[in-house]
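Each chain gets a letter, A, B and C, in the order it is written, and its residues are counted from 1.
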Amino acid sequence: MPEFTSRRGLLFGTAAVGAGALIAGCTSNESKDEPAANDQPAADDKPGKQVTIGFAGPQADHGWLNAINDNAKSRAKKYSDVTLEITEGSNDTAQQIGQIETLINKKVDVLVILPADGKALTQVGLKAMRAGIPVINLDRIFNTPQAYRCWIGGDNYGMGLNAGHYIGEKLKGKSDAKVIELAGLDNLELTKQRTQGFDDALKNYPNIKKVARQAAEFTVESGQNKMAQLLQAQSKFDALWNHDDDQGVGALRAIEQAGRDDFLMVGGAGALAAFQAIKKDDGVLKATVLYPPTMAASAIDLARALGQSKGVGGMAEFEIPASITLYSAVVDKDNVDQYMSTGFK
Amino acid sequence: MAPEPPLLSMNGITKSFPGVRALDGVDLDVQAGEVHCLLGQNGAGKSTLIKVLAGAHQPDTGTIRWRGEEVTLRSPIAAMRLGIATIYQELDLVEHLSVAENVHLGHEPTTAGFIVRGRTARASAAQLLKRLGHPEIDPGRLVGDLSAAQQQIVSMARALSHDVRLIVMDEPSAALDPDEVDNLFRIVGDLTAEGVAVVYISHRLEEIRRIGDRVTVLKDGRAVAGGLPAKSTPTRDVVAMMTGRNVEYVFPERPVRDAAGDPLLEVRGLARDGEFEPLDLVVRPGEIVGLAGLVGSGRSEILETVYGARRPSAGQVLVDGRPLRPGSVRAAVRAGLGLAPEERKAQALLMLESVTRNVSVSSMSRFARVGWIDRAAERGAARAATRELSLRPDNPSVPVRTLSGGNQQKAVLARWLLRGCRVLLLDEPTRGVDVGARAELYAVVRRLADEGLGVLLVSSEVPEVLGLADRVLVLREGRVVHTAPATELDEHRVLDLVMEGSPAS
Amino acid sequence: MTQHASPPRDSTDKVPPSGAAPAWRGLMAHADVRTLSLLGVLAALIVIGGITKPDEFLDTRNLQLVLTQASVIGVVTVGMTFVIISGGIDLSVGAIVALASVWATTVATQEYGFAGILFTAVIVGVGCGLVNGVLIAYGAMVPFIATLAMLASARGLSLQITDGKTQIVTIPSVLDLGERDAYVLGVPPLVMVFAVVTIIGWLVLNRTTFGRRTVAVGGNPEAARLAGIDVRRQRLYLYLLSGLCCGIAAFLLIILSGSGQNTNGNLYELDAIAAAIIGGTLLTGGRGTIVGSVLGVLIFTTITNIFALNNLQSDVQQIAKGAIIVAAVLVQRRTASTT
């Protein structure tokens, strides 16, 4: 991994992400499609057996989560053979369990679950599996693989890693380069993973030193506050990695208020506003590392394939994989147009 | 009898709170196996005394001997260990726990020190309840579901669950109907037969006569009589000790002429269901009208209803002939009424605030322009009002809680004086006021009346009503039983009236 | 929540019935001690900041930063202090700030420009306060419950308005107020608003009938009622006032963050209550000072600043914050029991 250049990373990202590229994207491209290596046809756009998919996610109180819901809904709408049973989003574990149990009782064909808390919802995932309803576990992972048929999610460690490599390449040759990190909510494991990946990547660049890290709370307000403090603490630095584009709105505001433009900033997640700023290229924000909400669309594709007992196009196996980790691509000025449509508000 | 020391002997107990001396050298002897009755008006010091006995208050001075040995009751637990249990009027039960759990609260029967043996607890609770004549109370029920009388039984069972030698019962009969009172007395009889002493507090003299052995009468924090024989002391004497004066007060002279003029305050058929029956009264300028009655006669309720703090179920209050909006304090205050309530600290004073602010609170807007207070004017006016009443210290910026009871009362009066109030409603104006300071307060009240105010006075101290008021309405159980000029009444006559129907001797 | 002034037998047992003068002097001393001790804590923090990060901490820009960051929560705390002094509590402040900030930054509102945003923020704040006040004063609901309900509904409504999206403000006149160019003699406009709100709050509490009634209602609601104060109307006004402060704070937050988001004002209720309490406001009502509350806010903000400058992480910051609240309340109880 260390020898990844940013360009290769980008290529990987392109291949892996794009609107559910790995699964549906390839299969939709029928003319070029190789026949599946098994007798079972891979899932494709052609209407097949009717599938009812139950979807349970947390409350969409954040741009990324909102994009997850949108992706799931619009993807499901595309298929005439898919009925989506979507629950009211909830951050309350007990309530979400109740909602999923209702879906189990309704005997949906496949469940897609983005748990409010992966550990706490493991039991209900097991229950669904035992009831014969395959579960697609989205992003926040259950405690045991027995609780899901397939896990699909982002790569938090990879996000940090790719952000670190991007910054490392940009600052190559600069001696005594300083970087700072504006992390997300410290209570969450994913924040630790992102930071770990970032730190591991920076180890490859002895000329770079991380001089400060503060944790915001994924909110604009906290982003502004913590960034303002970081700017005051560090009068001179070369690069900033911000874990989340939502709090990045606040961070950019703080940077603007402090009148600073002497460093480059890399964001995280892939918000539309960030893409637009990168495209415009008139500020410090030069790139953002994806944590693609399109994974929800892919999850719907996987669920449909499961429901129709098909495999995944482009793969030799009869069955869909047990787990799919999405690639955290770096989006910068060069490739931003490609991603613009996936940016969330 | 052998010269065995009394079970309990309290000597020279004093206890002061800021502004008031609640107990002033009280002695109390209790023998094993006797029912010792404690009598006194509200505020006489009974509650403080039993709290000292229960270990809830520490006396400032005085000694407590238990079976002849001097003891210090540092906490309720210490008292309980000696065998002193107290059943307060406001029962201290946990409503959401069961009867058995309440009975054993704090000393649950346990296995290995922490596992509560529920069955044992229920069985022993059931046994205690049976002994108290109430086997029908299920130990498993929640206390909150029981009637008041049943709760009291539970409270008593809790007391008996300890090895108790002395039980203090604070007005145990207040919430009971006659049958239940009979049962209570039977229990008291059983207990004393076992050698347990009972300190029994009640306002009902007939009860004391039925079960009491000896009586101690408290008044103004002093024991005015100790260890009187309960059965043979004439009721009138006991009541006279409770309500009378051990010091002769100089009451201000009444004006020569009778108050004339149109009524300032007129009460027409005012009533509150369950509290007092339709009442008519008139207060004219310069007149002090007194309401005399024992606790439970509805005196305070009448005053608060006139003031609009309680909503009447019938009748009207008129000031200057104009009816007040019923149940509105603000309407009453605007019309010129002012109340000096019975519980001064809880109902009248802002204890954290200065005298000035306490005095000006009802007339702030007078010193304010668009809400902005002219503090110099406010201070000046408050000072003038407090000076007029000779409030001490002569510095209205001190916090009101540092004042003595009498001066706190003056602060309340100054509030209404400043407001320009026309009719003062005084509820127990000398409650908690040191004996020495009372004459001064009487003079103040009379002077205010002479200046043209009307005063409606409520007091449980008969001499106070007779000495201060011009006209007296005698109340008994929410009903006016007699109205007469104060000069035509004497203490004995009033006592006969307020106790009418009780077994006088 | 009716509270009677605690009767002396429960609270002041140990006080001898001494003459009035010493006790009064004692109170004066304690009132001063309270404020002085807060100033002392602040001074100690400044020393710590100055020693650990002399260049970054003792810097005009840092002073501007700390005061700016204190402004939003500071304005909320002023309103909260009034409510707590009156014996109430307002748990909905954070949610009201969120609702006001998102309502004021919708595309539709932004069409009306600066005035539209300001007006909407204030009206939404006052409106929420009105609902709180009516429920508490005339619906006889416990403040804790009524404002808890408002917290839930206002958060829900702001989520519904934003759909979880961040609403970027595009009105230059609003954004400019958060820029350095708008500073007057080095004072950021946000800090000016905070100062004005503080001064007005102090004057209202100490110099007006409104302030007196607030203290009376909190100190002894029964006595206030029997003294002829309209307790219910006063309570209504107090929650209106708190809502107004939230509306102003929401506007400041819009300027500061250049956006409206439903997550705004997260846990403001706890921060404001904590600041008021360490400032010496009694949770049971009847006593409190604006100066103390503002010092409380400044202490918290300064701690955050020092910790951030020293690159200490949020876990340590939270522990320190908790320790300070406990210490302040212990000191407060000691002073309360000795007066």
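We take it that a contact is a pair of C-beta atoms (placed from the backbone, for glycine too) under 8 Å apart; a residue touches a chain by one contact, two chains touch by 3 or more.
Treat the numbers as computed from the prediction; the structure is a model and nothing was measured.
When every chain is reduced to the mean of its C-alpha atoms, the one closest to the centre of the whole protein set is C. Distances between chain centres, each the mean of the C-alpha atoms, put B farthest from chain C. One simple way to say how far apart two chains are is to compare their mean CA positions; for chain A and chain B this gives 72 Å. Averaged C-alpha coordinates put the centre of chain B at 42 Å from the centre of chain C. Taking each chain's centre as the average of its CA atoms, chain A and chain C sit 38 Å apart.
Within the complex, the chain C residues that touch chain B are 4-9, 12-13, 15-17, 20-21, 23-24, 27, 207-210, 212-213, 215-216, 219-220, 222-230, 286-287.
Residues 16-22, 48, 51, 57-58, 60, 307, 309, 329-330, 332-334, 339, 341, 345-353, 357, 361-362, 364-365, 368, 371-373, 375, 393, 395, 397-399, 401-404, 415, 419 of chain B are the ones touching chain C in the complex. Taken in their complex, chain C has these residues touching chain A: 53, 55-56, 59, 61-62, 65, 68-69, 159, 163-166, 168, 178-180, 253, 256-259, 261-266, 304-305, 308-311, 313-315. If you check the complex, the residues on chain A that touch chain C are 59-63, 65-66, 186, 211-215, 217-226, 228-230, 232-233, 235, 246, 249-250, 253, 256-259, 271, 273, 345.
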